[in-house]
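In the two complexes below, chain A is the common chain; its partner is chain B in one and chain C in the other.
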Partner chain A sequence: MNKKQTRREFIKVTAAASTAAGIGVTLFPGMTFADQKSGTNWHKSVCRYCGVGCGVMIGEKGGKIVKVKGDAQNTINKGHLCVKAFYLPKAVNAKTRLHHPMIRKNGKLVKASWDEAMKLVATKFNDIRKNHGGNALAFYGSGQAETEETYMANKLFKGCIGTNNVEGNPRLCMASAVGGYLTSLGADEPAGTYEDIEKTELFFLAGSNTAEAHPIVFERIMRHKAMNPNVKIIILDPRKTPTDQVADLHLFPKPGYDLAVFNAMAHILIKEGFADDAFIKNHLFFKDNKKNKHSFEEYKKFLEDYTPEIAEEISGVPAKDIVKAARMFGKAKTAMSMWTMGLNQRKRGVWANNLVHNLHLITGKIGVPGSDSFSLTGQPNACGGVREGGGLCHLLPGHHLVVKEAHREKVAKVWGVPASNIQPKPGKHTIAMFSALNAGEIKGMYIMCTNPAQSLPNAKKYWKGLKEQFIVVAESFFPTMTTEYADVVLPASFWTEKEGVYGCTERRSQYMPQITDPQGEAKWDAFILRDLGKEMGFEREFAKYETAEIMWDEYRGLTKGKDMNLMGASYNRLKKVRGLVWPVPTENHPGTYKRFTDGDPIYDALPAEKKKGRRMYFYGPKAKDGRATVWMRPHDGPGEPTSAEYPFALTTGRILEQWHTMTMTGTSPQLNRSVPHAYVEINPADARSKGITNKDQVIIETRRGEMQFEARVIDRPIPGTIFVPWHWPDKPINVLCSDIFDPGSKEPEYKVAAARIRKV
Partner chain B sequence: MPIAGVLILTQPELSDNALVKLNKMNKVTTYGIHKENYIIAVLEGNSISELETITNSITSKIPGVIGVYPSYVNYEEIETQESTE
Partner chain C sequence: MTSADHISRSEFFSSFITKIKSSYSGTAKKISVVGDVVFPPGVTGIDHFLSTCNRCDKCVAACPHESIRILHGDEAKYSGYPIIDSQIQPCFFCGDFPCISVCDTGALIKQNNMKIGVAEIITENCLAHSGNFCQSCINNCPLIGKAIFCGTNGKPEINKEVCNGCGICVQVCPAEPVGIIIKQTKELPCQ
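Right after this comes the complex of A and B.
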């Protein structure tokens, strides 16, 4: 065996041994591996992609990232990763990384110095503010930004410039989940954690292709089911996905017509004796859409309109399957519902969320090990940075609200700005913000770590404003569809080049270290914002933020006494542990597995009389008398139903191999990728009726335009539904999607648009 | 040439058959079935894209495979490093 083979064999053996260790298996006892003497420095961090929050160990050697492995000590992924891990270092070193600032001159973006770029942005923003007021400026951020980065943006725009026009892309994916949790449980984010996965008997996966969108969660589900054959899985989705391979029952509603199914399940659960009367009596209110209170008997009467047969007529799901699903849910001792965009990105996304919560509340399947209604998050820090960090137009950091005077005063004091700087009314939500940009009402926008020119629904409509107004884009990659419209592009440090905190789906905050130097002239987004603040004249307000830890400490100070108390999550502690699940009020508190019940420090500290007869007390800001709310939400279909003119329901989603707008996963040579281009899935029956065969070129048309795709004739979408993954910038399907939004959450209905399809 | 250690989660009753099929694949080395339904394997590709292609082949073509989960990925330019060691 020559030296080359030996070295390669060593690495193979190391890879096998390390992988085995992740499941507690020792493959080569007593053997010393190349890895242990290779000079690699290992750093504990968090995956950059989705909201699962997987722990990764990053191997750095000579200032370069050369290895990645799953963090076996991380409780979320226990050493396992998904295939996107292959691309983590690739993204860091991608040829598309932006290394210097750029300014548009004579219609072209050209290289500029930091000094020139920052002076231009500050001057332009100050001019707009002086001539048109603070509300003529806006910030649009990201669930991928670190909490510290969003914190700096919030202070600059809400606290200094004086506008609440601060939004982030989680408005497009998680806002309905927020609305659901607030209205049903009284507080945002789940009561349980991933720990419930291994304790449940039944999974109800609704509008979630868990296998592809959240592979590590799916692996945990599958592992649990394999070890416990009594564990059952119900899927509710208009499309057959890879998640189906393990389903015990699949309900296929027409896109946008599932509310009746949830109500019919509740109807059966009560009718067949699966309701938890004691829990209902002591823990719940029943309310209608006008927030009028009702009795349990009135709720039952409301549900009489949702027999399985009626629900079948509305949704297309066979009544017998609805009954079966309800019985499976009712008979299981524990149940865990999970959902993502299939419920959230809907005109009635909040209602859909409410109705899933209802199933858990009326059966008491919440607040006990193995039972929870658990929203899965799409981005790595949508929960931590934007929902908790207050990166939306109505929020302030730490679950504070702009409409509350006491909250404005508290935050302003910490920020060192007059409370009057923070406006008492919410700013514009995302769709309203980009509409105002189109109208010229907003004249300057700072976009950080996101690609709205591709990701907005009905995207083309909003290119006008991006083109006409003054747009600053802070981004690690270039070009993106959004930088095409930028007047200034600022190079941002990427993952591993900066430290900070990500907060994932299960209320867990995790620290990420800086491992390598930023590439080129790239700077950390939080420092860019800090320096922009200084350049705009807020020197005093931003003088103290010399480190990420200073920002984090100020932020976590604002969480003291709140439901999301992070006072125990100092950098010093987070550097040692695999994250902490809030509430974590002190440095010696272990974090909270279940909220609103025993073991939750807030619940435990409640007076005895409040807890009397109750195993849960919903103490969140929107709950009254410690009770959760069961909502009587009637059937409502999609905002754009199919018609004779547009007979197909177009729905969109993710695939395993790509992520979002491909700024990270698209850094690999396209021709070599296993899924190199966009496509449309069409059911074989529909394909026959349209004369379409596999790999034909077809045109999809909606009221907003048309686009050409390759057809995949496959038994995945139900008849009448077509599916397109949304990742590819050369085929931005969001251009065809509807921008109708949920009136409560303001989240757009990406998941249903009326369409037609024809062969080219 | 990247090398990845992966866990291949299988349906327990199909694990043995999956292992047989994996052993016939190029650029895949297996290290047995563990914990009932995990197959440990090492994938070797000329590029990261090839690792992804191999992964997709395993998932789509071998019955009983539920998912492929990388645990360790080495991106070192192995040949370059060898010449300096």
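Right after this comes the complex of A and C.
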């Protein structure tokens, strides 16, 4: 990162440029612009919040962040930002920023020096490793950490300490999407990009409140529809949301019962002649749950069980609406599906993902402009840092797997560690990891840039392990619910105080410059991990990481020849452009709009005989013969169905003005004013039968406990469903959520829990 | 919160809540009403109201949401009368209108289509009008999509027929200064 050089030099250049030139002079091409009139320097960067990846211009004046505005040249947001990003300077300069390390002494967190804190962590970790083995240690990271930070953590834990207990919060949000892409298309991450939004005729938004969770994507959808009234939008969600303002058709399934709806849509699509026979013949396999191959005819037979009437019985969505949705999907020349947690955070999250992909595969609505099954990511670097960077227990950086010997050897060589250091078996996934922490199997954990004490499902259950074991938390903000359990808290640099890369939903990697000095004694997470490595005795292994660019280049090298090739995305280039969409194999390659088809460098390089009679070749690591897979996934309900005892389905979600556990958005009074406290949405019909009126205090109870909320009686959730936004630390609804998880993706089912509600 | 002192769990929660509350009320403390003076529901005509209301404060006490308060301030004309300052606390239009029930002078009277005002956007303050994606007023309007909705230009628009002036949009507006206010309306007999 070399902060001194960058900053000092920058200021020098600024001064020189200011005297020499007029307003709006460009200092570094594409990167920094000085506005002489106001004395503000504008730096090109990326928004800190969601996975949309909006480009921002950060205004810095006298070493302080004063303003954030949209980057008009960024193709994603074209200068637009949501209200959260507008108030980002409040988070940078918040009073809740942590400025020095803290160590728990006699039960209290007290100020400590970096030296003391690092020595303590290294000694503790080394003791645990010596006495209980590497697997008694664990790392829990974040989809908000930079790729370089996750890369350092991976090397320290998987390569040096020798444990694959490396996880991150993307397990809680994107794991099912990863599973869906790998099993259906053979490779993780979407085939298309945001560019498809302006080219499509139909949007199918399933389990996504796009208007609040991905505001700028929604704005693009809205603008596209306003300019093209023939564009249709179908929404599938048990709750009316602000996204409904653009809906042409809304399907309301009971929470957790939508699999039958997707199958019934496929049933109608084929029955009414919307299937693309040529695409099916040359591009697809059909498989059942046991991975046995089937013919298209057998798939049709499987779908016989999913008539719209049967699907209505299962899901509660009227048959005529399912037929209507299928016809809209079939008739549209192009269709784009988008989904988020409504499908991912489910006991059958992977299946739900597969069934959406099926709709696109059987109709050939993929691989052409305007058609894609496009998963929206929740965090700014879940794709870049964790899915691509290998921040999960079974992965290594650059789409490599711990189970493959060749992959272990390749990565170990780059890391300069013996290949035997990397264990051949995947480590513990998030829920298993925190369960092991409870059980005392894991005795030390390093938590970076995330707040699991609040964000884990059935959170209270896991407080035990956090309390009993040795916990290190590296955080920019203090206090959080997790620092309450920390033995050591390390102050981490925040957003504008460090350099690095974020990779967003559409495979785009974007560079963020360091603009200001870290506040107080805060340090960059990657350097903290590097120094911890050195302190633990891996001096040689971590000696070379002087700058962020060295880390990025090493990581970039590992992606060479992979489906996510980033060789053309050097820092030099990323500093000038508004991100690059991989595969981008060389410095002069422009990036790839559509994967698996013409224009994709990997597809283009395939021998002609492979491409014969095809327009797509699914070359991903999990695909065979270049074919995608249509999965025959049967209906399955939620892990915790409603009952006479717990008659309501509790579902949770985001709101526009707050983000995750509010460590950042909570610093802005303006955002807090918008929605000052947690509430529960309840349908007026349910409210009447329960004698609840608007703004009454009510108690929500699940098998895991109860909590009091203010009732918001509103025609948003369907009868039988209640909704609570999850952000507030004083009402951590996740304590009530179920921690049943998808057996494939290991992603917990936050979206459905059986609950009851009563007036206080 | 960077002090070295230990903070217990409950302290942490209460400090967090206080922080939110203080930041919230900190901006709302300005008692001077932005926009027009808005009276409690049930006013049939301004002169009628001013002459019949005996300033007994019963509606103030009856309001379960502490929305109704007594105006003390520059607006001498209305000083001492019960009003609603949406920035502090808007009207939630209770189904049974306890404020009207307790009014025994006839100043507040139950009517069909209760309306206390109508929202109006101040475009130079509104975040959506300055190129941001902000829909706080739209998302929080209890008359979902009917009173305030997103226009084709992506900016909030108000249906003055439907809007009852409850003021929730004013309270939630994240713009500073506030991007939406409640105006007295011609349809309201009090003009």
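Heads up, the rule we're going with is that the second predicted complex is superposed on the first by the 720 of 760 C-alpha atoms of A that agree within 3 Å, B and C clash if a C-alpha of one lies under 4 Å from a C-alpha of the other, contacts with A are read in each partner's own complex, and residues count from 1 in each chain.
Here is the rule we use: contacts are C-beta pairs under 8 Å (C-beta built on N, C-alpha and C of every residue); 3 or more make two chains touch, one makes a residue touch a chain.
Because the structure is predicted, anything quoted here is derived from the model rather than measured.
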A:Ile216 contacts which: chain B (first), chain C (second), both, neither? both
For A:Asp244, decide between first (touching chain B), second (touching chain C), both and neither. second
Look at A:Tyr87 in the shared chain and tell me whether it touches chain B only, chain C only, both, or neither; answer first, second, both or neither. both
Counting only touches as set out at the top, which of chain B and chain C does A:His43 meet: first, second, both, neither? neither
Just checking: does A:Gly520 make contact with chain B only, chain C only, both, or neither of them? Give me first, second, both or neither. second
Determine, under the contact definition given at the top, whether A:Lys271 touches first (chain B), second (chain C), both, or neither. neither
For A:Lys464, select first, second, both or neither according to whether it touches chain B, chain C, the two together, or no partner. neither
Output check: A:Val66 vs chain B and chain C. Expected answer is one of first, second, both, neither. What do you get? first
Is there a shared patch on chain A that both chain B and chain C touch, and which residues make it up? 70, 79-83, 85-87, 211, 215-216, 218-219, 222-223, 226, 242, 245, 657, 668-669, 672-674
Which positions of chain A touch chain B when the two form their complex? 3-4, 7-8, 11-12, 14-20, 22-25, 27, 59, 61, 65-70, 79-83, 85-90, 211, 215-216, 218-219, 222-223, 226-227, 242, 245-246, 657, 668-669, 672-674
List the residues on chain A that touch chain C in their complex, please. 70, 79-83, 85-87, 95-100, 102, 107-111, 211-212, 215-216, 218-219, 222-223, 226, 240, 242, 244-245, 478-479, 481, 484, 520, 655-657, 666, 668-677, 693-695, 714-716, 729-730
Given the complex, residues on chain B that touch chain A span 2-7, 9, 11-12, 29, 31, 34-38, 40-42, 44, 47-53, 55-56, 59, 66-76, 78-79, 81-82, 85
Any idea which chain C residues touch chain A in the complex? 1-2, 4-7, 9, 12-13, 15-17, 19-21, 23-24, 26-28, 64-65, 92, 94-95, 127, 131-136, 138-140, 142, 144-145, 149-150, 152-154, 171-176
